[in-house]
């Protein structure tokens, strides 16, 4: 019963979001929320490997980009619909994660971070110089044969679905055997091995899963932007942004990336509307410094602890009051 | 049960363990002693698969485990603790144990694993701390957790690396009782490294002494403690002068 | 892209197998490598001594490039002389940043990750301050001797490149002497090898890391000026320079001065030589591939025993 009450709020909120396009809000507003969904998807799936497992990947935008290019090529050459093409996109991203992850997941900490960073640069440069993939000219996709408002709504709903799915996947992982295994790898990989955990196997599974969702999202995103260029879809800043979003919210739980993605997207948007871009970015950068210094475990944990401390203080003060 | 023959381990030209033979019989408590740097922890790392020997063979219940990976050896039923305790800090005490239960016993039911873990925590006396983050425990409790977590994989053999170090007399006595109970109630064989001589004399059926990677004595506690080579190794600071 | 500007100086020559061409690319590669080395050595030190990966390292270098540029353009001060102003300035900035930003995070669970994110934020701040102050226009340091060249046989050496290279050698030598000949330097090395042991020996860890950080930032400044002799720069270009920093550290091994020096020269050489044979965009692919390969095979660096 308690469970049902607890889930009423989020479920009704999701329904509210789902009905939003019917009210025909301004296109700008819809595309902003669409972008928030995208970041939720990316940050949540990054968190599977980055937050839960403790492997700081800066290469996640590559999996997104691979998805974009896969479905774009499938559409151009075989006329495959974006929503079907998204599945092979996800699969190809996972395959890339498997190939890359197999050697790279042996590295730890900053070394893993750097190697994944290089992966993005290499793939970006290769795509730029490969005419079959459009090279540095990019690819123009034909628009879908429907009214722009309708197609926007369809993209919106799909991404809403994907965002909900990625949050649910993260939540599921966190509360199962799989998640506990990943957490033990994050805390101490050798100890995890003494507990019968095949760490290499578990890590690669997490990496593959965390590449699949961005791949699918990328497959659909290809049609949303309709003009595809390596600078857009292999932008290292996206990679860094999703890492920051996840860690900003707190990488240890499924809620962290969600909160981080929503919060930072909104802040970013507001800042860029009201003040000139340089100042907006300065405030943005200063925020990261502040979070790392004052809330090293992310804002979610910070507020949880803060509330916890208040509770404890309350229970401690009461006996003193009685004595008085 | 556990048997090593002719084991040799070399670190960059330095011989850490040289042609060592040892055996641990089922349901015994065997101690491994020796001065610092005599190769005790190296031997444990070889048994649990973190290191590979240059020569020799280790077998467990007749199966050779010399070249297996740590997780495979753990699945065979050999659990270990670390000399410097290594709790999974951000996890609760309960989840530290539950992780081992889940993966060691091959179940996927997290609720069942947690209730099994709770039983184990009750057994080792950590039940009241079950929801504490493992990183916040005191040393004595960390050591208890280290042992409980190892028990979680339902081992046949438990390798204990200096569990008494840093504990006070009362805590040591409790730990010895716990070791006896682990053998009696769970039927687990114990192979332990120890520095606290008094404690190990009390706890073990048999003691193996090593010095510079070579076995210098092997037998009942009293016999080993009085063996000239052992006294020589410890330069008289051992049990005899205590 | 930015990569092209960085590597544009080593255009593929007409006749690839000409020995003079090869020799020329070796020489310009080495000159370039010396600068990478100076630029990377401070980055390597902070990583090695205090486990701080300073993403803003290259941004500080660009700061110094701008000081040199404006000193030259507005008052006609030679870029090398401008270091007299920018080095102490950056040193003090380094001390302050260490005191107020790095020290609070030294006790966090994972210093490496925390420092990467913190200094990433710092890099954003610096980049945008520079964008605001000096616009995103490309700048190039043009001195009276910029166009002068020296001939050694058939090999051409640009005077400005040579000055950058000599500056780098002097910088590395200074850091080397500091680490191996002074008391503070020895303390830094001790801290790098064994922080706890060093603390037990009565070394003040806080002071040592603070000085290391100051020196690292100052060396970034010297590296930035040396870079500015060779390449055009603007605020966002520090992201690309950062990749070269990672290359230097990972090839040379974390925390090693001599490793960084050799690694810098090697990377310069590889860049120069491969630039003679491949189109420049593939040179970058090669470099990143090299970095990945080294990481996978020998992550502790090529020169670590």
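Each chain gets a letter, A, B and C, in the order it is written, and its residues are counted from 1.
Definition applied: contacts are C-beta pairs under 8 Å (C-beta built on N, C-alpha and C of every residue); 3 or more make two chains touch, one makes a residue touch a chain.
What you see is a predicted model, and the numbers here were worked out from it, not measured in a lab.
Shown here, the protein chains touch in a chain-like sequence that does not close on itself.
With centres computed from CA atoms alone, A is the chain lying nearest the middle of all the protein shown. When every chain is reduced to the mean of its CA atoms, the largest separation from chain B belongs to C.
Between the CA-based centres of chain A and chain B the separation comes to 42 Å, rounded to the whole angstrom.
Here the spacing of chain A and chain C, counted between their Cα centres, is 32 Å.
With each centre defined as the average position of its C-alpha atoms, the distance from chain B to chain C rounds to 48 Å.
For chain A, no residue reaches two or more other chains under the stated contact definition. Annotation for chain C: residues touching 2 or more other chains are 109. For chain B, the set of residues that touch two or more other chains comprises 89-90.
Those residues of chain C lying in contact with chain A across their complex are 3, 47, 53, 101, 104-105, 108-110, 112-114, 116-118, 120-125, 127-129, 131-132, 239, 243, 246, 250, 281-282, 284-285, 288-289, 291-292, 295-296, 299.
Residue ranges of chain B in contact with chain A, taken from their complex: 48-50, 69-71, 74-75, 79-80, 82, 86, 88-91, 95, 98-100, 102-104, 107-108, 110, 113, 149-150, 152-153.
Listing the residues of chain A that touch chain B in their complex gives 175-177, 180-181, 183-184, 186-188, 190-199, 252. Chain A meets chain C in the complex at residues 56, 103-104, 106-107, 109-111, 113-115, 117-119, 121-122, 125-126, 128-129, 236, 240, 243-244, 247, 276-279, 281-282, 284-289, 292-293, 296-297.
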